[in-house]
Each structure stands twice: as C-alpha cells, then as structure tokens.
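The structures come next, written out as structure tokens.
Next, two complexes with subunit A in common: one pairs it with subunit B, the other with subunit C.
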Partner chain A sequence: MDGTAFEFFSIASGFLGGLFVDPFIAFVDRPDKLIQIVSQGLSAGIMYSLVALGFVVIFKASGVFNFAQGIMVVFAGLTVVSLIEIGVPAIFAILLAIVVMGAMAVAIERVVLRPLVNQPGIILFMATIGLAFFLEGFGQTIFGADPKPVPIDALGIPDDKFRVLGDFFRKPVRIYQLDLTALIAGGLMVAAIILFLNRTKIGRALRAVADDNQAALSVGIPLPFIWVVVWTLSGLVAIFAGVMWGAQSQAGFSLAVIALKALPVLILGGFTSVPGAILGGIIIGVTEKLAEFYWRGVLGDGVEQWIGYVIALIILLFRPQGLFGEKIIERV
Partner chain B sequence: MQADATPTQASEKNILLSVNNIEVIYDHVILVLKGVSLEVPDGGIIALLGANGAGKTTTLKAISNLLRAERGEVTKGTIHFEGNQVDRLTPNDLVKQGVVQVMEGRHCFEHLTIEDNLLTGAYTRKDGRTAVQNDLEMVYNYFPRLRERRTSQAGYTSGGEQQMCAIGRALMSRPKMILLDEPSMGLAPQLVEEIFEIVKKLNETEGVSFLLAEQNTNVALRYADYGYILENGRVVLDGEAATLRDNEDVKEFYLGVSGAGRKSFRDVKHYKRRKRWLA
Partner chain C sequence: MLYREAGQFKTNYVADQAIFPIRQDRIGMAIVLLFAWVIIPAFGTDYFLEIIMINFLFFSLAAIGLNILTGYTGLISLGTGGFMAVGAVASYKLAVIFPDLNIILVFLLSGLIAAAVGIVFGLPSLRIKGFYLAVATLAAQFFLDWLFLRFDWFTNSSTAIEGVPKTLFGFLVTGPDASPFAKYYVALGFVTVFALIAKNLVRSAIGRAWMAIRDMDIAAEIIGIRPLPTKLLAFAISAFYSGVAGSLMLFLFYDSAEPDLFDINLSFKVLFMVIIGGLGSILGSFMGAAFIVMIPILLTLAPDLLGLPISSDLAKHLEFMIFGALIIFFLIVEPNGLARLWQITKEKLRLWPFPY
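Up next, the complex of A and B:
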C-alpha cells in the first residue's frame, strides 16, 4: 500500500476514533470521572441559567434583549459584597441590594424605556448596550475596578465538599456544597418565578404585555409599572447570580462577559421560557465540561469556548424558537 | 314644550361622552383629525362611519388615550366623559373610569389561554376575586363559544372567537362604555350578525354604551341608534340611524344602492364628483 494513503487513513481513523470511540470507552472505563465532570458541568450550567433567567424575565415582558444583564449581575454582586465589607450584616446587605436594584429599575424605566416607548426592539437593544457601558463605568467609580472575594462565611453559604460513591469507584466523587446550594436555591427561585408568572394577577399582566403591549395598554395595564416590576425581578435574579457566581471565584467586572455565555443558553432554551433558561444552561454547562475533558484531543484546546455556540447554531436551524420557547403562532 | 328648546340628543338623554372639536396630529406633522365633534348618550349605540383613512380609528384612540403610544397627540379640542375632562388621563385611569377600547384586528394575547385573556381584562378592578369570577361567568354566558375554548391559546382560535374574546376581555373591566373598532373586519357575514346581536344584547341588558367604528355601513346602521360619517378627518354628516339609512347620499356612497334606478356609469361618476362633501 502507498505510504501517503496509509498515513491519511491512520489520521482519519484516529480523528474519528477520537470523536466517536475513545470518549465512550473512557466513560465506561472511569465512570467516577464521568460523574465528576458532569457534576462540574452542572454547577457551571446553573450559573449560566441564572444569568439567562434575568434575560428571559425582561425579554418575556418587553421584548427587549437586555445587553446590560451581565453588568447588572456584577453590580448586584458587588453591592452585596461591598456592603458586607463595610460591616453591614449579610441579611441587611441583601435587603439593601434589593432596594438598590429596585431603584435602578425605576431609574431605567424613567430615563431609558419611557422616552423610547413604541420604538423598534433594535433601538431598545442599542439603549441597553449604552446602559451596560454606563453601569460598568459607574460601578467602577463606586466599587473600584478590582475584583473582591465574596465573604462566604458571612453569607452562610456552606463551603465544604461531600465525597460520595467511594465504595463503587476507585475514587470517590466530590460534590461541592457551594454547587449544591446554588442548585437548590436556584431551583426554588425558578419555582417562585414560575408561580408568580402563572398564578398572580401581575404575572398574568406581565405575560399579556409580552404578547401585545398595545392591547395590554388598551385593557388598562399600566406599562411603566410592569416594566419596573420586570427589571426589579431581573435585578433580584442578578443579586443571586452575582453572589453565587462570585462565591466560585471572585466578584469583579470580568464577570460581565458571562452575559455572552448566556446567549447560546437562551437560543437553546428559548428566549421566552423560564424552564428553558434553566435546562438550556445545564445542557450547555455539561456539554462544555464534557467537551473540554473528552474531546479536547481531537477538537482542540478552545473547544469549551465555542461548543455552546455550535449547539446554539444547530438549534437555530431546526427550532428557531428554542427547545422550550413559545411557538411562533402564525395564521395564514 | 318650551319655545326655545331645541330637541337635540342632549335634551333627551344624559350625555356620557362628548368629544368637542378635536384635532389630532401624529409625529408633530401629520394632521389626521381636523375638528371632530360627537356625543355618546348614556345607553346608546353610536356608529362612526367612513372609508379607510377617514379618521375613525384615530378618533377612538384619541378618546381611549392610546394615541400617545403611537406618537399621536390631541392638539385642540376637549374630550369629556361623565362631565370630567379625560384627554390627559392614562389609558389605565380611563379604564378605571369605565371606558375601554377593543382594538381593530382583535389584538388578543396570542399565547395566553382564552380564560387568561379574559382575566387580564379585569386587571384594573379592585372588587375581589368572586366579583371577577361572576363576571367571567357572565361573559361565558354571552359567548358560549368562549367557554368551550377556555383552555385554548387565543392565537389558535378562529377570527370570530378572537373577536368575542376581545369584546369579552373588555367587558371584564366592567365598563360603562366600549369603544369598538371595526368588529366586522375579516369575519363571515353570519358571524358579523352574531357579534352585532351580542353587542345589542349587552347594550340592552348590561347597559353598556357603545361607540363603534365600522366600514360595514349597512350592518352598523341597522344596530346603531345614531351615526356620524367621517371623511378626511371631519364629520360630514350625522343623524339618527334610520334617517341616515334613507339619505340619498349615504345610499349612493356607503350602502351601494340608489333609489333612482340604474344609471349609466357616466352619470354616477358625475354625481359622485359633484356630491363629494369635501374637496
């Protein structure tokens, strides 16, 4: 056989093997490692979900893609951390942060949204880009540009790890309590938001505004009030996301780029779906970690960075509204 | 009868809504209404007639204050509801006072169920859950079809059902007056009759007054008590519905029948040109 042809075959089979065979052999060979990686992916995914959730809440009720969500997360996290730093008890720090985010919602409604009422979505999107840069500069003036560690003890977040399944595998799987806390608290928050949207009068009004704000206006739903409610709600989500995300590393302005990580999550889950944001985040998080660990050899070192966007692209081709998004109703 | 009393609408019934010589400008430059005046008596069904672009929808939106969301503005004239000036109120306050609009093209909340659609109509009410439930029941009694479709997403219901849903949703705010914009649009003739029958019934039993904008002059004049005809942003003719129905010009221009038998096309064209109310 010709030497170059043989070389080609061996490279090709090596590539395909690396893509379709080796990882699965590794799954079976070391299930403890697989579980470990999936759990890491879960914890990263929950963080994506929390940021995506903030987007969904605002998008649902106003059709605005809020580019400033990432910086709001940072802003909220830093507010809590800074308040605790100057000696405010944790519980008050969180309550004060809620007040701050509420005040911010009122200000945004007055200064940004009200003058732009009934403008196309793209104009509002541009306005939120402006808002993002303003908040970043303003935040750096207030909090300083350096990242701050989150005082986990003061907030009462457990920081230990469980070792489980040690009897089954060669090594026990480590489960971090921090991740577990994020998972449980995140779940509770999502449940609360879903209940709020589906079971309360304001929640129903919010969905109505999302569908047709002219009609909502015509039945007497006050749009400015609804906007303040959704921005406050997304501010609440931002506080939680900021603190939990900060607890994993540090609370700093570099976290604002996580907003871009939420984009594939939103496309996957659907821009209008609360459960979609959560599941989308988890799927993206787990896929990223699996890809990084098992497919890095064949797909390259950067795979963790781009795999989410590739998934989003594929989803866009087949289900433009995302996995769980509201179906686009068209009458012909 | 006193000598100086002129038998106007005002002397017969309480005036619920009075629109006094309003002018509406969109985007600061486009003059749409050039002085429209009209009155709606308590318990009346008033028709606002005219062709496309005559200003019917703008008049309704000026009353319901939805204009501002479309960059329109009432620049002259006043609007009074039950004697109070209302042209500076927000739509929210106006709904609380008892004026609600059903917009042209239904505008149901597509992704909400029919029942949720109806319940959003009760947003401004403060009289408690049971009262709202009772009214929901009332709406279902007027529109039995909505009860059948209560759990369907409104976007998947038929045009007629959506129109019923939009009217039902407006009813849920317990209005004194409904501004009904083009209820016949895109509906089969039989359904149009059905909708107008229900409007009439609501008017008689619930005491809701209606100001309805219609292009279907024929149907509108059969159900309304009084009509205004708009052309180019002005009221060009008004009168009792029966009077309007017999008016030669209305017959010629809006009802498509003419008492004088078949004319040649040349005559008709000439007549219409001569008779145009506005240059």
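Up next, the complex of A and C:
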C-alpha cells in the first residue's frame, strides 16, 4: 500500500470511526456524561415541544400553518416580563398576559383570518409570515429590541440543581430545577389541553372543526369563535413557553428562531398530533444535543442547526405523514 | 379602444401559438424592452441603476425560478436562499480557480451546480407533499448555510466571498470598480434571456406537465406524466435560476458578501415576491420583485420626505410593521397577486370606453 492510499485509508477510517465507533465508546466510558447530555436534550426538547404544541393546536383546528408562533412566544414572554418589571405582581402579570393574548387572537381573527377564509393554505401561511413581521416590529417598538432577563424569583420558579446518582458514577449528574419545573408544568399543561380537547363542549367543537369545517359549520358551530379559541389557546401555550424559555436564557427577539427549530419537530410528530409534538420535540432535542456533543469531532460545530431536519427527513421518507399524523389517503 | 383584438386573424399555427398573440402585447413588450435596454441606462443615475435596477433584476430572476417550482409545479420551497448561496459560492470558486473562464460561463456553470444541489434536495418531494415538503426544503436552507460557514474551503479561508473583477468584450463588468452601467447590462442580458426561456418553458409540454402535477399529481400520473422526473426537473430548473440569481447578486450587487447573507430571510423574501406577484405567472415574478424591492427603499425614504423626526431604531421597527401589514393587506385584497390585477385591467381595457 503506497503513501497516498494509506493516508486516504486512515482519514476514511478516522471519519467512519468518529461517526460510528468513538461516540459509542464514549457512551459506555462515561455514562454520567451521557445521562447529563440526555437530560439537557430533554430540557431543550420540552421547549421545542411547547412551541410545536402551539403550531399543532392552530393547524388542527383551522388548517393554518402559523409561522408567527415563534414570535408569539417571544411577545407573550416579554409581556409577562415587562409587566413584572413595572411592578405588577407575577400572578396578575400572567393573567394580564392571558388577556393580551386573547385580545390578540380576536384581532388576528378579525383582521387576518376572516378576510382570508377559504383561501388556499399557502396564502394563509404567507399571511402568518406577514403577521410575524408585524409582531416583530410592533413588539420591538413596545418592549425595545434588547433582551430582558426573566425575574425567576418573582415568578416563584425554583432555580437550583440536584446532584443525583453520585454513588454510581465518577461525577454526579446535575439536574436543574428549572428543567424539572418546565417538565412538570409542561406535562400538566399538555394534560389540561388534552382534557380540554376531549372532555369539554368547546373541545368537541374544536375537533369537529378540525375534522371537517363545513360539516361543523352546518351543525351550528360558529367558526370565528372557534378560531379565537384556538389562537387564544396557542397564546396560552406561548406565554408558558416564553416564560420558561426566557428563564433559561433571556427573553428577547432572538428567541424567535426557536420557531424554526420547532418545524422539524412538527414534521416529525405530524402537524395534527399533540402527542406527536411532545415526542417529536424530545427526539429532536435529545438527538441535537447528542450530535453536538459526541459527533462534533467528525461533523464540526453547529451540527444542531440542521441535524433535526435530517432526522425528520429520514423519518418522513418512511412515514410521509410523520410519526403520529393522520394517514394521508389520496383519491382522484 | 386601444386594446382590442378584433380584426387580428390568425391564419396559421405559428401565429396561433405565438408567445404574444395580440399585437398590442407585442408593441407593449417592445416598449418595455426599449425602456429597459436604452432609456433607463441612458437617463438613469448610478444610484438608480445600481441600488434599484440591478437589485430588482436579480431578484426577478430568483422569483421566476421559485415561481417555476411553487407556482407552476405546486411544490412549496423555502430553500431558495440556500440555492442562491450555492450559485454565489460556486461562481466565486470558479472565478478564482479558473481565472480565464468567461464570466458568462462562470454564471451558467454555477447555475448548473446549483441545479445539481437542487435535484438532491428535491428527491424527498416524491413522497412528501404540501407543508411537510416546505419544511423539508428548510433542511436544504439550514444545511447549506452551515456548510458554507463551517468549511472555509468554500470561502478560500476568508470570512466573505467576493465578486472577482472580470471583463466581457473588453469592458470591466464585475467587481467593485466596474461601472453600474456595465453591471446593469450584464444583469439585464441574463434576465431578458432567461425570462424568455422560462416563458417558453411554461407554455411547452414540460410546462403543461408541471401544471398537471400541480393541479393533481395522481391524475397527472395516470395520464402518463412521470412524477419523479417532472418534479426533479422543476427543482433543477428552479435551482438553476436561483443559482444564477445568487451569482448575479454577489458579482453585480454586493461585490463582497458573507455566506450568511443568504439566510432564511432571503428565502422568505423571494417567496413573498412570488406570492405578491402572482403564483404561476412570469410577469407576476417581475411585479412581485419590483414591489418587494421598492418597499424597503420607500419606507426608508418616507420619514425624510414627510419631514417626520423618527429615530433610526423606531424607523426600522416601523419598517417591519408596515412591511408585515402590507403583505397581509395585499393577500386580503388580491390573493392571486399583482399579475391577476393586471389581467383584470386588461379585461376592462378590452371593453373600454364602451362597456356594453
């Protein structure tokens, strides 16, 4: 074997080893680190799920692919933070934010959705991109362009960490209370949403609209009211997501990019599935962090920017409707 | 009165299938071309040629590309920015590696490279449809963005890619020192030729196959249109146009650009042009491009013109708001785009001034 061939061989084997062997050796070698990374991934995944949940709620009931969800998260988070900053007690700040999001839902329904009823999906999608632009400018005018720290104490979110499993491993695994809070509260909220969709009259109406909006209209379900309800609902999810996400870093307009991170979650879980959004978010969050940590050597920094899309694409090749989406039946 | 086709008889197939069958349209086209080729360069200032016209021209090329994919074939794509980045980077690399290569060939070759990339990212389109596909094309956008930032081979180890100075027929046409005049003619030449090609493509068998796929892909398959080659061809041609537009953007407009110029916002911008201009219309691509290029320029000028003292921060935020509001407004007023408005005007003109 001459020199160049050998060099090529060693580069190739180094690449393949870095891709398929080394990470798994690292898994076994330092299980504490693996658990640590997975827990980080879980916490990021929950956040993606929360944003994706807002998308799903709207898409399910109105077929609108709401690109403005990310900016709504920022908007909601900043509303809460700014209200607390000017001295409103936390609980009232949140209640007021709910009112604001409700008012926004009414305004969006009146100004954007109602005139565009019966238009094809892409037109509504473009309208929500326009909405995203509008809200970004509007929000920056009101709140200023600088990110704001979330007053964790005022909101009563615990900010400490547990060290667990120290006996088993060389180093204990750190679990942040912030992540746990997000996990538990997020779980409660998802449960509440599922109960709301399945057990209340409005929830039933929502599902009817999602199923077939013309049939729903003909049995007397008021469509505009339902739209306001779903947009408010996704506004609620946005408040929660905005505050929790802001608590991890800061509440600012740069957070709007998380909307883009939530998109692969959506196609992975299916546009219409609440459990799909949760599971998809967790899958994407964990894989991203694992890839960023263990595969950085071969693939380079910033893998997490696109790895979610690649995973989603691979899964889509086998299940074009996502993991939990409704089966697409095509008729001619 | 002016726009009446009565009396224009078509006596052979060639006349019947002409690209502009009505005489007034031919005259109108000739006037537009005369304007673009002679009057604008003769009277336009450097600022007008460079900031407005060249900007408009490469964006209309990108919009035609996306319109072929989204408007004619019905495949929503959010990856245009990525394909434009491929075109820009490819033209930069080609111009540096082969210094003797003719600039026109550089642009065409980088378009072909972008087309190859487009085919790769178009592959999922056979199985994935609608918004799922739109999100899948975002994968192209983010992956390509990351690729060009991460591996500095693409940028020759610098932070920016540059428009290499090149000459054509003895004139310096690209790079920072070229005159806006020369740059304008290069851009205009490309746009004229490729708009003509696109117009002819979409009214040929290929274009009809695309539209059949758009209207109902299963039915199209049943009447004998092969979905995979047709869709991939649309992706390839669309990416080719985007790639050429990207290299024009780098060589004729920015001269020096960081790869993250070609980010997701660029994709949205081009998609806006297509939607506002009109899906499935070559004319609409031009109208949409003109509209989206002009809005920010007008919005920046407006406070000065009105004499309102607005801080630059607030002006920027307001610009966002107005831009968003205008998009929504236009979608509500005419969801089928400016091209449809033009069509309605023509219908009215046919009867004018005696509507009965």
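FYI, the second predicted complex is superposed on the first by the 328 of 332 C-alpha atoms of A that agree within 3 Å, B and C clash if a C-alpha of one lies under 4 Å from a C-alpha of the other, contacts with A are read in each partner's own complex, and residues count from 1 in each chain.
The definition used in the following text is that a contact is a pair of C-beta atoms (placed from the backbone, for glycine too) under 8 Å apart; a residue touches a chain by one contact, two chains touch by 3 or more.
The shown structure was predicted, so the numbers you read here are calculated from the model rather than taken from an experiment.
When both complexes are overlaid on subunit A, subunit B and subunit C end up sitting side by side without clashing.
In the superposition on chain A, contact of A:Val117 is made with subunit B only, not with subunit C. By the touch criterion defined above, A:Ile25 lies against neither subunit B nor subunit C after alignment on the C-alpha atoms of chain A.
In the superposition on chain A, A:Gly220 makes contact with subunit B only, while subunit C stays out of contact range. In the superposed model, A:Arg204 makes contact with subunit B only, not with subunit C.
By the document's definition of touching, neither partner reaches A:Ile184: not subunit B, not subunit C. Taking subunit A as the reference, the larger set of touched residues comes from C, when subunit B and subunit C are compared. Rounded to the nearest 10, the angle made at the CA centre of subunit A by the CA centres of subunit B and subunit C in the overlaid structures is 80 degrees. After overlaying the two complexes on the shared chain, residue contacts for A:Leu131 are found with subunit C alone; subunit B is out of touch. For the pair subunit B and subunit C, the minimum alpha-carbon spacing after aligning on chain A is 13 Å. The residues of subunit B lying in touch with subunit A in their complex are 64, 66, 69-71, 90-92, 94-96, 100-103, 107-112, 116-117, 119-121, 123-124, 153, 155-156, 169-170, 172-173.
Subunit A meets subunit C in the complex at residues 65, 111-112, 115-116, 119-123, 125-127, 129-138, 140-141, 145, 260, 263-264, 266-267, 271, 300-303, 305-306, 309-310, 312-313, 316-317, 320-322, 328, 330, 332.
On the side of subunit C, the complex with subunit A involves touching residues 70, 76, 124, 127-132, 134-136, 138-139, 142-143, 145-146, 149-151, 216, 218-219, 222, 264, 268, 271-272, 275, 279, 313-314, 316-328, 331-332, 335. The touching residues of subunit A, counted against subunit B in their complex, run 117-118, 201, 204-205, 207-208, 210-212, 214-222, 326, 329, 331.
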